[in-house]
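Below, subunit A partners subunit B and then partners subunit C, in two separate complexes.
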Partner chain A sequence: MLSIKDLAVGFRTRRGEVQAVRGISLELAKGETLGIVGESGSGKSVTSFALMRILDAGGSITAGEVTYSGIDLRRASEKDMRTIRGREISMIFQNPRAALNPIRKVGHQIEDVLRQHARATRGDAREKAIQALRDVRINNPEARYHAYPFELSGGMCQRIVIALALACDPRLLIADEPTTGLDITTQKAVMDLSQELIRERGMASILITHDLGLAAQYCDRLAVMKDGEIVETGPAEAVFANPQHDYTRRLVEATPRPDASVRSLLPADRRPPEIDYTPSDQPLLEVRDLRKTYAGKAGPVHAVKGISFTVNQGQSVGLVGESGCGKSTTSSMLVRLLDPTEGQILYQGNDLAQIPAEQFGKHPLRGDIQMVFQDATDSLNPRHSAGDCIAEPLRRLAGLRGKALRERVEELAELTGLPANLLSRFPHQLSGGQKARVGIARAIALDPKFLILDEPTAALDVSIQAVILNLLADLRARLGMSYLFVSHDLNVVRLLCDEVIVMQDGVIVEAGPAEQVMSAPQHPYTRALLSAAPRPPERVLVTPTLREVQSAL
Partner chain B sequence: MTTATPTSVPTQGGLWAHLVYVLRDNPVTLLSFGLFAFFIGSAVLGPYLVPYDPLATNSAIALQPPNFSHWFGTDNLGRDVFSRVIVATRLDLSISIAAVALSFVIGSVLGAIAGYWGGWLDAVLNRVFDTIMAFPLFVLAMGIVAALGNTIENIVYATAIINIPFYARLVRAEVNIRRESGFALAARLSGNSHWRVLAFHIFPNALPPMMVQVSLNLGWAILNAAGLSFIGLGVRPPEPEWGIMVAQGADFVVSGHWWVALFPGLWLMLAVFTFNLMGDGLRDIVDPRRRT
Partner chain C sequence: MSAPLRAVLWRILQTVPVVFGVVVISFVLTRALPGDPAVYFAGAMADEQSIEEVRVALGLDQPLWRQFFLYAGDLLQGDLGNSISTGQPVLTDLAMRLPASLELTLTALLIACAIAIPLGVLAAVRQGSWVDHLCRVLVTAGVSLPTFFTGILLIYVFYYLLGIAPSPLGRLDFIYFEPPRVTGFYLIDSLIDGDPETFFAALRQLILPATTLALFTLAPIARMTRASMLTALSSDYIRTARAAGLSGAMVLFGYAFRNALLPVVTTLGMVFSFVLGANVLVEKVFAWPGIGSYAVEALVVSDYAAIQGFVLAMALLFVFLNLVIDLSYTLIDPRIRFAAK
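Up next, the complex of A and B:
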């Protein structure tokens, strides 16, 4: 149905022509689901933009053929393309909120599409739009018809986007990272729904994602892309279970899964020896009945409703929950950027909740409690070089100047594996992994005892995530820090944490040793979280020992 | 869309290399900076270089059309229009730069405070700015000059006051979106007070759009000063100033002596044109993200 032959896409930039896609060939049969997997910069999105002919300014198809049901998409007129987009091929984008017009009712937006493609008349558009909402399993579609995007949750918005994409019964659906930024249970719901709809209608689809596990679960066939080329393609199970190409193998290994250890995420030849480490049983931080209530427009909002837990010295505690569960509020209170409404934060016996957040900046314990922020890009000042970012806490709190400061910054760069020549660069000149290292170096600059990690790897590619998780594990062992690892992903938390706390709606629903929570979850919510994680096909471990065992049998 | 991460970034050039890069990249910026250099040159050196005393009258050569000894002709009192136009640059630029600097500083401080702390302070400041903007700004400036007294300083103050809301609103918006950003929180974890976070971490990020505003505003302030002089407020004759010269020359346009009004008007236009074109270039220079 869709055939791509030797497609190459180039972008004109200030530093000359950049080849984003270098001659890839793909075939997509009717009713088939193809997954294009790759890390950022691999050209997977550009490929889909190229075949829809919606490349950014400066981008153009430089070579190759794209044929859809006999139509040459590369040479089709703009007018024909407009008909094809939406009616024949439609697309779901990464950020559902950005894909919807914020000031138009969602029902009207669906009507617009229907009428644009002459699928509805003024008279029956409303009815058809409501039917489209019903098709994506939105409860009470008559009422939701009048909703604005901001009134809906992320998952609901993505359903609307799917409804928009499917409104004209296209025969091919391209989903570009459709669930990035959604909670894991929402991700499952959205993916299950779209898979069901695609099967019902006998459509073909292309799923573009960085998540190999997700792709393997929902696709028939996978194409793995790297640097604008397809390095491996084949049936999903085969690619996942028995990757042929080195890069695919690295990706599969780096994907966090229930049976992995933090070291096993790294390529086999790049695993440093594990550092022996046991946390002490001396409590470092005790949280007692911590509460935070905001004054909302419709009465008080209880973000955190009385939570208690203990973090021992050198221990890693994982704080897991979905958006809105209060985990970010909790970490802001612990790092003393936010004052709790009630409760105690006992740090080595001192109640930090008594010190207003306002004054904590000058408190001697400021350097002891630090944080690594979620989005490395957002957490670095665009106007400060990497070196300045790391130097800031040393200058302000440790009073280091001149040579001593420079030496400490270089020491920290080395500790976090950041090449010293990158210190003079600005954040936008660094890669995601390098920015994460700068953020970590800054956080550990003052030798903190307690470090809060707020989804430190959420914005990173899996292979970089593997490296950063290992870095964090090593730093903990070398510096004896305690971590509070805030995340939505139990599989990632398990790799680094001794204890896990699961939060829902501002309360702790389950807490205990990581292995126990993962293998025998008690609370239904924990079970829901665990089962929502993409379940890739079982991997056949091709290690020599296993082969020996098999042959012996 | 995913974008490629920079793999080979050239080593940090100095500000000079960056300046050369920005100017080479965009010929319009180069042109505007060239014109700007010309105006600055006229302002600084003009009075020493012009062929005639801009105030010297000589009725024997009154209202001569442009010729080799008087490039822009002479006015009704026989003064050399070219000398007057060039000498006026200093006064016009001084008024506009002083006014813009004043409104930039006051507007930035008020806007940053409103954007960072929000709450009732934000509401009050915003209503004050709304009130200022609700007036026709030129009429407001006229009123301020008329009330404060007819001096050059008061033109500066009046121009500054009517421009404050533009800066304040821009800074407020730029600060507001960065108030909760990761780097602002990180700066607080590094032991910075709110004031330091605002002044050294958040505010500098508002500079690129501010530069565009400054440059547009400089042109606008020149027009404003000239406009006030045109209607007889502020600068007084025989002081050379573009606005007054146009006002005086306007009387002679009907009688066919077009050059008396045309050349100061042309210079006024060129100055506004230059500042408007400079905006993008200035932004590119102060934005570190352009340094790749």
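Up next, the complex of A and C:
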């Protein structure tokens, strides 16, 4: 049905032509689901844009053939391509809210597509648009027809995008990271829905994703891409269970999964020895009946409704929940950037909740409680070099100057595995992993005892995530810090945490030792979270060191 | 009452403190001006006593707070006082001159928009093409040439050299009669009167000054249109629209342009305000009997009532303009309707 032969795509840039895709070949049969998996920069999205011929300015197909049902997509006229797009081949994108026109009613956007492809007339467009909404299982589609994207949740927006893509019954659906940025239960709902619709209509589909586990679960066949080339293709299960190419093996190993240990995410030849470490039973931080209420337009919003938990010295506690559950509010209160409405934050016996957030910056305990932020790019000052970023807290709070300051910065860089020659670079000259290291180095600069990690690896590729998670595990063992690890990904949390707290709607629904919560969840919400995580095919572990690692942790 | 209507009323209500502030500030500022109007109007031969008499006649011997209350009281009755230089009520002067300025400014803005917006859109769509370069040249020329210079240049070329344009002396050549006053806009009044000859005469007078101003205002509008179109065209929803096979025109106008319009409207509002202030020079060059030249003359002789009247009229105009722009936002962007509570 779709055949790609030796496709190459280049982009003209100021520094000459850059090859994004270097001669890839793919076949897709009717009714088949193909997964294209790769990390950022692998050329997986560019491939799909190229075959739809919607490349950004400067991009063009430089070589190869793309044939869809006998039509040469590379040479088809723009007019022919317009009839193919949407009617024969459709696409759904990541970041669904941005993918919809923000100032047009979603119903009208669906009508635009229907009428463009002569699937509806002025008279029946509305009815058909509502039917398209109903098809993607949207409740009360008549009312949703009049909604604007900003009034809808992310998951709902993605359903609209799917409705838009499927409105004209295309025969091929290309989904480009369709669930990145969505909550895990929403991800499952969206993936299940699109899979169901694809099956119902006998469509073929291509799923482009960085998540090998997700691709393995939903695709028949996988193609693994790296640096613009396909390194391995095969049936999903075979690729996952028995990867042939070295890169695929590394990807599979780096994907967090229930049976993995933090060390086993790294390539087998690059696993440093475990550091022996046991957290103490002395409480470091006790949270008692913490509450936060915001004044909303439609009355008060109870973001956190009275939570209590304890973090022991050197212990790592995972805080898990979906967007809106209050985990970010909680971490902001603990790091003392936000004042709680009620409750106590006892840090070594002192109630930090009594100190207003504006004054905490000058408090001697400021250095003890630090945070690693989610977005390594946004949380670094773009005009400060990496070294300046790390030096900032040392200069402000520790009062270090001159040689002492420089030595401490270099020491921190070494501790976090950041090459010293990168210290003079600016954030935009660093890779995602390097920026994450800078963020961590800055946070541990003042020897904190309690570190809050707010989804520190959410924006990273899996192989980088594996390295950063190991770095965090090692740092904890070497420096004896306590962690509060905030995340939506249970498989990541279990790798690093001794205890897990599950939050929903501002309350703790379940708490306990990580293994217990993961293997025998008590609360239905925890079970829903666990079952929503992508379930890649079983595979035999190369290194059965799980127990050793656990005892070591 | 419906929610949008309430939002609009609330927005109008918010202008009340602004207007009050303007009244106070314009009053205080005019009093702070150097120069004594009593000395000026008593004439060159006046002695101490006659100056004092003029001062009492003008009410300037009263304490400042008293003067303010008298002024505010008159204002509430719609009395802006008399201009001491023209001898007429300020309200009459403004009513005569404001339409002249507005007609000039609005025509200039219409010309500017008619050229700048399509130019900006084209420059964004064909980035790097000759249209883009033309846009850049026009924008640079527009901002770097002062209006009095372009005005004089246009007069030199079209009046003196080519002889196409009429003499740059006001709104209408002296051989024509003013159309019966309805709106104060000669173009509209002459049409209402059914007098095409006067209409074209007024239009011919208007074209050169309006073009001068338009060249000046074109630059920011074209630039903003180009920039916001580029942003809109590179956004995710445009990719979605293209991937859904929507036609080029639909993507461009239905999706990109409407989204790009918001910053353009903002710029339009700003441009309109500074043009109203900036057309003093154009009015001087073309002997246009507008509000700008009136204000400058009043300022020179410390004509308090006239200056206060001018500032107040401008302030009200700006308040009204901002209101119109805010309301047009809510028409363009649904997200604002909910924030505007």
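Just so we're on the same page, the second predicted complex is superposed on the first by the 539 of 553 C-alpha atoms of A that agree within 3 Å, B and C clash if a C-alpha of one lies under 4 Å from a C-alpha of the other, contacts with A are read in each partner's own complex, and residues count from 1 in each chain.
By our rule, a contact is a pair of C-beta atoms (placed from the backbone, for glycine too) under 8 Å apart; a residue touches a chain by one contact, two chains touch by 3 or more.
Only a predicted model underlies this, so the values are computations on that prediction, with no experimental measurement involved.
Peer 1: Check whether A:H428 is in contact with subunit B, with subunit C, with both or with neither, and answer first, second, both or neither.
Peer 2: It touches subunit B, and subunit C stays clear.
Peer 1: So, A:D378: does it touch subunit B (first), subunit C (second), both, or neither?
Peer 2: After superposing on A, A:D378 lies in contact with subunit B but is clear of subunit C.
Peer 1: Could you say whether A:A520 touches subunit B, subunit C, both of them, or neither, answering first, second, both or neither?
Peer 2: A:A520 sits against neither subunit B nor subunit C.
Peer 1: Just subunit B (first), just subunit C (second), both, or neither: which does A:K297 touch?
Peer 2: So A:K297 only meets subunit C here.
Peer 1: A:I275 contacts which: subunit B (first), subunit C (second), both, neither?
Peer 2: In the superposition, A:I275 touches no partner, neither subunit B nor subunit C.
Peer 1: Identify the partner contact of A:D56: answer first if only subunit B is touched, second if only subunit C is, both if each is, neither if none is.
Peer 2: Both partners.
Peer 1: Identify the partner contact of A:A29: answer first if only subunit B is touched, second if only subunit C is, both if each is, neither if none is.
Peer 2: neither
Peer 1: Return first, second, both or neither, reflecting whether A:H117 touches subunit B, subunit C, both chains, or no partner chain.
Peer 2: Second partner only.
Peer 1: See if subunit A has more residues touched by subunit B or by subunit C, and give me that chain.
Peer 2: The partner making contact with more of subunit A's residues is B.
Peer 1: Is A:A143 contacted by the first partner subunit B, the second partner subunit C, both or neither?
Peer 2: In the superposed model, A:A143 contacts neither subunit B nor subunit C.
Peer 1: Starting from the residues of subunit A touching subunit B, keep only those that also touch subunit C in the other complex, and list them.
Peer 2: The overlap between the subunit B and subunit C interfaces on subunit A comprises residues 56.
Peer 1: Under the definition above, what is the set of subunit C residues touching subunit A in their complex?
Peer 2: 127, 234-237, 239-247, 250, 254-255, 258-259, 332-335, 341
Peer 1: If you look only at subunit A, which of its residues touch subunit B in the complex?
Peer 2: The touching residues are 14-15, 18, 20, 40-42, 44-46, 49, 56, 335, 337, 358, 361-362, 366-367, 370-371, 373-375, 378-384, 389, 392-393, 396-397, 424-426, 428-432, 439, 442-443.
Peer 1: What part of subunit A is in contact with subunit C in the complex they form?
Peer 2: Counting only subunit A, the residues touching subunit C are 52, 54, 56-57, 81-87, 90-91, 93, 95, 98-104, 112-113, 116-117, 148, 150, 161, 164-165, 297.
Peer 1: Note which residues of subunit B are touching subunit A in the complex, please.
Peer 2: Counting only subunit B, the residues touching subunit A are 1-6, 9, 11-12, 25, 181-183, 185-194, 201, 204-205, 288-289, 291-292.
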